[in-house]
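Presented sequentially are two complexes of subunit A, the first with subunit B as partner and the second with subunit C.
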Partner chain A sequence: MLSVLIFLPLLAAIVVAFSGANAKKVALIASVIEFAYSVCFYVRFTPTGGTQFLHSQSWIPQLGISFKVGMDGISLLLVMLTTFLVPLIITASFRREYKSPGLFYGLIMMMQFALIGVFVSLDAFLFYIFWELALIPIYLICLMWGGQDRLKITLKFFIYTLAGSLLMLVALIYLWMQTPGTHTFDLQAFYSLHLSSGQQSWLFWMLFLAFAIKMPIFPFHTWQPDTYTDAPAPGTMLLSGIMLKMGVYGLLRWLLPVVPQGVEEWGMTAMILSVIGIVYASLIAWSQKDFKRLIAYSSIAHVGLISAGVFSLTMQGMQGSVIQMLVHGINVVGLFFICDMIEQRTGTRQMEQLGGLRTTAPVFSTYFMIIMLASVALPLTNGFVGEFLLINGVFQYNQLLAAFAGLTIILGAGICLTPIVKLLLALRVQRHTISPRLSFPKKPFSFRSSS
Partner chain B sequence: MIQLAWLIPAFPLLGFLITGFGKKFLPKTTGGYIASLMVLASFLISMCLFATFDGKPVTIQLFNWIDSGSLTIPFSFLIDQLSLVMLLIVTGVGFLIHIYSIGYMHDDEAFVRFFSYLNLFIFFMLLLVMGSNYIVLFTGWEGVGLCSYLLIGFWFKNNDYNLAANKAFIMNRIGDLGFLLGIILIYITFGTTSFDAIFPLAGAFASNQPVIIAITLLLFIGAMGKSAQIPLYTWLPDAMAGPTPVSALIHAATMVTAGIYMVIRSNVLYSIAPFTLSIITVVGAATAIFSAAIAITQTDIKKVLAYSTVSPLGFMFVALGVGAYSTALFHVTTHAFFKALLFLAAGSVIHGMSGEQDIRKMGGLKGKLPVTYLVFMIGTLAIIGFPPFAAFFSKDEILAKVWIQNKVAFVTLAITAVLTAIYMLRLFFLTFFGTFRGTHDQEHHLHESPKTMTLPLIVLAILSAVGGFLGIPEVFGGHHLLNNFLEPMLTFPSAFLHEEASHTFEIVLMVVSVVLLLVIIVGTKNRYSGKHVPVAHDSERTSFARWSYHKFYIDELYDFIIVRPLKYLSEVFYKIVDIKIIDGLVNSVNKAVVGSSRTIRFVQSGNVGFYIFAMVFGIIAILFLNLIM
Partner chain C sequence: MKTLIILTSIGLVGLFSEIFRIRKILLPVVFIGLIAAIATAVGDWNTNVSYYNDMMVVDNYSLAFSITMIATTFLWFIMSSGFFSDDSNNSDHFALIIFALIGATLMTSFNNMLMLFLGIEILSISMYILAGSNKTSLASNESALKYFLMGSFATGFLLFGIALVYGATASFNITQIAAKIGTGDLQSSWMLYTGILMMMIAMAFKVSAAPFHFWAPDVYQGAPTVITSFMSTVVKTAAVAAFFRLFIHTFAGQPHMWHTTLWVISALTIIVGNILAVYQTNVKRMLAYSSISHAGYMLLAILAMNGSAGSSLLFYAIAYSASSLASFAILLTVSGATGNESIESFYGLGKKNPFVAVMVVISVLSLAGIPPTAGFFAKYYIFATAMQNGLTPLVLIAIAGSLIGVLYYFRLIIAIFRDGDNQAVTPAPLFKVVMVVAAVIALALGIVPGLVVGLL
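Here is the complex of A and B:
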């Protein structure tokens, strides 16, 4: 039952919230069960079968709202990504002691509930509910467990993304009004609407803005580096690993098929913005001194390539974007985990203050390197196939844009090699050292001053 | 038998896994021997394949790697004449260098890690030469780049080495972007990336069609990065930061020739794009003479050899540029022998000199390092093209072929050949003749290298001495074995003159070059085996020598026109565009909303008189508007 898969995390959230000090263990168990359950869906899924596990129940019949859920390949992939990453994210935070753990882990489970809901909804109203529901727990996580400037930063994040969502709500209600008869929010009904190109044109922007802010695409990205940097590590992982995929998923499910003419008209603009984002964010990432902020900017670049692939409207571009969503989810969570480990044990993320990790933590460094190489998309790492397909797709759309998008190959390498040298290799500054073993010290690590 | 070809890359991969995971537990030398055995196994299988090869290319399919719509990319290998020759070079020279490394790296604490990287390199190099489509080739291509990066920065405690490694990786990636776009364009044009499917289709294209020119140029950009051609060559001399066996294997004998291999592999495409070929000729000739002009004043033994690698690579590209593909491969083969030999011999010198690399501090080593002296001499004679050593045949063949097609390139290469002889002999005489100029300590420790190092040197020396006989020119009544072997898979650009250099010309060329070489040998011996030592300070140099010694300030130029502007742009984007402009706009929207609400709030003052006034004013305004519209 798909509904069970959706509501299990909600139930878990409630249980976790009241389990006090044991919260993280309970949350881990619950998320592992959820993952195991999602594997059952994966096994029973028929690759060529279209939308499956359909479940539809009338909810507010007067307004044509129903609880309609189901999964096709893309949904399944993203649901699997969610159920796979959440246990990892919880495990990654195991050595951290967050205050009021019940609430913290309860919110994470709540988040999972909303995310899965977003990826399986086939009713616009339901989709919107889950979409907004996902914002609340992450907002609270950032607000209550974030860094120093959390009040200002999270408020901006909240209002910015909410503003986008409201535009989407207006668009969805407008679409609902266009449906024949007693009106319905059913996605299929939206697909079969006949909208004039004028209508499609502004609907495109309403929807696109909501998704573009979520991903984020240049120039709607300025909430992202601050929020990623300021949020607690599990929050950043949720945001970057899963939540930004809501935006890409929105493009694929709710934008392209609903307003195809709008996409035809404005796709080039969206494409250009995406490609600008790749080069622009890569260049900025290059000069960052804070490792977490560097990953945040490089994530904007990666997402730019993904969305460029989507707007190329080619088979290769679309498939590449789906593959890359999965891969980016895994890699970026890995990178933020690495960043959190370094911060926990040395007390800083400033690359100028770190160095020589490879000497003291060789195993850690090897994994660090592998994840970095994957995010550079070296062949035989997970990143290559997706990136190749994406650039291929963009190339079929426009060769000049592909050359710019392809700069990610060079710039990405530059971005990744800089922290490798600064964090792992260089011994010139040794203000903070890392303990040689991979296990975490129970107490915050004491700093050793070189001078 | 041929179906077992997948074992060739599988063995080094296995070796990488064993040494990589076992680097903590494996005793030192065991790791080295395991790694060497794996490469030996690959070499033996390659030999068997070579012996049983019947002239028909075979594709070995392993699995489907990418399957997306009309794009299907199998992970498969192609065994044909070209890949067999490359397989033998890579595994043969690779094996010798593995053995050598056991001796050379003996005291290094990361001994096993070194061998795991070497095995990984061999694995990727084999993918590169065996891949049956451009994607597998590209996989190997990127993989060897990674290994090169890891091995240049092998001694990572020296940050200069790390930066050299970064430079190599990023410069290669610039080329890789071109290569990748080229592959994508191939896919779009031909609907496939498999060699055996593309090349028959290429016949339908007329000469110099824009799309073919674009493809070949993009691929050539990749080759420029990997094979260190102008303007992407500056990483290679810096790459000498890595341990010497790495310089020999990766940065001289195998990886840097990948670009040549790729062009030969795509010869069908290049032959219908004479425009690209002429560009290749220009780039190759410019690189050859430019790097030779730098090599002539360098004082670091490995730097001289580094530039003496860039220069022959230029030679090979010129050969490609005139459509002499098999001649280029011939030079690749002989170059692999003698350049590996020279680097390893240089390593032996460095080993004996306790890590000293400056030739100004050497001198008179011939008595102390007799084996090294002998093999270095053979290597030097081979590279300058003294008969009957290896490059005598391959270099003269290139010159003869170039003479027919392009006289300017011929003159450039001829001058380069003279320069090559001068700087190599200068290096040789400064190192082994004269009196010892190092410190007393160094002199005390001076010793010949162990057997594991000298044996590979001797084998390579023999190969360098006789390697040229693979291609004895017709004028000596020989059969060009390599040419005949490769013939079936090569095409000749129809736009070029279809004639051979006359035998008289070839003989004149040989006689002139031998006489010139003798003169240079005598001249350099007189100059450099006595008291003359290259000067240490800029002020004593002539202006050409100063420019040459500082590599014509190309690194500084790149830093000034590329690196610094980008850094600046990065800062400007971050601090001004991102924070001030874009985020500033976002914040000002926010401020506008808050501000206007703060202002408009005063309207709701509770003053009924004001409300009535506003209402009446509004009604009048609406009426007025209705009237005029």
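Here is the complex of A and C:
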């Protein structure tokens, strides 16, 4: 039952919220059960079977709103990514003590509930509810456990994303009004609408803005670096690992099929914005001094490439974007975990103050290196396939844009080699003192390589 | 009708309770009476009877709003029963509240201009007195005087409007006026035109829509907080419901005479209410501005003029009343502990009292219109209804307003997670009841909106 998969995390959230000091363990157990359960779906899934595990139940029949869920290949992959990453994220935070852990881990489970809901909804209203619902726990996580400037930053984040969402709501209501008969929010009904190209072009922007802000695509990205930097590590991982995918998923599920002519008309603009984002964010990332901020900006570059792949409207581009969503989710969570480990032990994320980790923590450094290289998409790492397909797709669409998008390979290498050089190799141990208590154990604890 | 008789009896019992020294049992009598009133109203469902030569029509619309307002008053009594207890005029206040409720009930069921006028006056005069019920406070006195002067001014407009509409249509009866207007003979009647505009101004005054909202912040802030909470829930619901009934049942035949004007009023109300609320540091005043902006959203239902407009207005009124009452209960709790109503008094509430903090989060989310609360569905429903009548530009303005709304509503959420002093904040048990009931309504209606959506 797909509904069980959706509501299990909600139930877990309530249990976790009241389990006090044991919240971590309860949350971990619950998320592992959830993962195991999602594997059952993976096993039972037939790759050529279209949308499966359909479940439909009328919810607000007067307004044509139903609780309709189901999974196809893209949904399945993203649900698996979610259920896989959440236990990892919880494990990654095991060493840290967050105040009021019940609430903290409860919110994480709540977040998982909303994210899974987003990926399996086949009813626009339901989709919107889950989409918004995902925003509240992450907002509270950033607000209550975030860094110095959290008050302003989280409000900016919330308003930014809410603005996009509300525009999307208007678009969805408009689409609902176009459906025949007593109106329905069913996705299939949206697919079979006959909209004029004028309607499609403004609907495109309403929907695109919501997704572009969430991902984020240049120039709607300004909330992202601050929020990523300021959020507590599990929050950043949730934001970058999974929540960002909501935007890409929205493009694939709700934008392209519903307003194809709009995409035809404005796809080039979206593509150019994505490519600008790649180059721009890469350049900024390169010059960052704060390691976490560097990852945040490089994430904008990555997601720019993913969205460029989507808008290339080629088979390779689409496939690449789906693969890259999965891979980016895993890699970026790994990177933020590394960043958190470093910060926890040395008390700083400033790369200038760090160095020589290779000598103090060789095993850790190896893992670090592997994930970093995966993030650059070196052949034989998980990042390569997706990035290759993506650039291939963009190349088929427009060669000039592909040339710029391809800069990501060079710039990406620059971005990733900087921390490798500064953190692992350079001998700046004198600049900060690693107290013996805080030093790295020979074998990094609880770190399962996720690449 | 029985509902009205029961309410009147409670009001009279309240008035005479001082003479017969039954003050102590007054509160139970009020509670039993309100429950009985709700029960009879529920019993009248789907009957659609008119009374007194068509002066009043009790239809589902009026019943639904009456029940909402009586239930809100019930919650209000739970919340504020202790507020006047040390005041010798306790029973008078109770009686006045009940009379205001009677006026509110009339305003939802009138079928004659005279009844509308009576309803508005019964409601308003009770509220003028109640606004000044804190006799020793200068602000409360000022609030009452301001309310009275401005309110009577609006009443003047209302009477002028009624007279002009009567001049054009030769009737006070809503059904007959609507029939006359529907024929199209009065297409270019300046008398009707002016009459409708004047009535609109008066009603805009009563719902505190911009640019007739200037009285609202001062009155809301000056009046005792419990009275403010009554004003911003029951009084507002009654005014909007009457506005809707008047314009949809009576003037819908000639939308060109009022639609554009009301469009502008609605847009202005949303913008002004939300933007000015951002600059408030006093939470009570902020809630006053927020209630102005909510009036703007509710006006969208009138502009929508279609089948589900009444239903969406009802949903909005319920969602808004519940969350608004909860936010005032919270404000009373917090300001009672810290002695002031500024935003700073909310600092650190998350640590001081997690229960109240959770209630703040739920009611603020609902007021701001964030899923899964009733406030979100209310906004969605009213926006969808409005868009069906081609009001997309106005809906976009309303959405911009909601975004600005997040700025100041979330200031409360942010405040409770800031560091604050260690002064204990403990809500009275009765306040807890109100908060919990409101939170349950906010969540239940957000998750199962079908409970109310199909009613009208």
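In this section, the second predicted complex is superposed on the first by the 430 of 451 C-alpha atoms of A that agree within 3 Å, B and C clash if a C-alpha of one lies under 4 Å from a C-alpha of the other, contacts with A are read in each partner's own complex, and residues count from 1 in each chain.
Basically, a contact is a pair of C-beta atoms (placed from the backbone, for glycine too) under 8 Å apart; a residue touches a chain by one contact, two chains touch by 3 or more.
Worth saying up front: this structure is predicted, and the values here are computed from it rather than measured.
By the touch criterion defined above, A:407 lies against subunit B but remains apart from subunit C after alignment on the C-alpha atoms of chain A. In the superposed pair of complexes, A:222 makes contact with subunit B only, with no contact to subunit C.
Between subunit B and subunit C, more residues of subunit A are touched by B.
Of the two partner chains placed by the overlay, only subunit B lies in contact with A:392; subunit C stays clear of it.
Within the superposed three-chain model, A:14 lies out of touch with both subunit B and subunit C [touch as defined at top].
When the two complexes are overlaid on their common chain A, residue A:54 makes contact with neither subunit B nor subunit C. Look at A:39: by the touch rule set out above, it reaches neither subunit B nor subunit C. Legend: residue contacts after superposition of the two complexes on their common chain; A:4 is shown touching neither subunit B nor subunit C. Of the two partner chains, subunit C is the only one touched by A:166; subunit B is not.
The contact surfaces that subunit B and subunit C form on subunit A in the two complexes overlap at residues 159. Against subunit B, in their complex, subunit A makes its touches with residues 156, 159-160, 219, 221-223, 280, 283-284, 286-288, 315-316, 319-320, 358-359, 373, 378-380, 384-385, 388-389, 391-392, 395-396, 399, 402-403, 406-407, 409-410, 413-414, 417, 421, 424-428. In the complex of the two chains, the subunit C residues touching subunit A come out as 350, 361, 365, 370-372, 376, 380-381, 383-384, 387-388, 392, 395-396, 399, 402-403, 406-407, 410, 413-414, 417-418, 449-450, 453-454. Across the complex, subunit A is touched by residues 65-66, 68-71, 135, 138-139, 142-143, 146, 153, 156-157, 159, 162-163, 166, 169-170, 173-174, 176-177, 180-181, 184-185, 187-188, 566-567, 569-571, 573-574, 577-578, 582-583, 586-587, 590 of subunit B. Taken together, the subunit A residues at the contact with subunit C in this complex read 59-63, 128-129, 132-133, 135-136, 140, 143-144, 151, 154-155, 158-159, 162-163, 166-167, 169-170, 173-174, 176-177.
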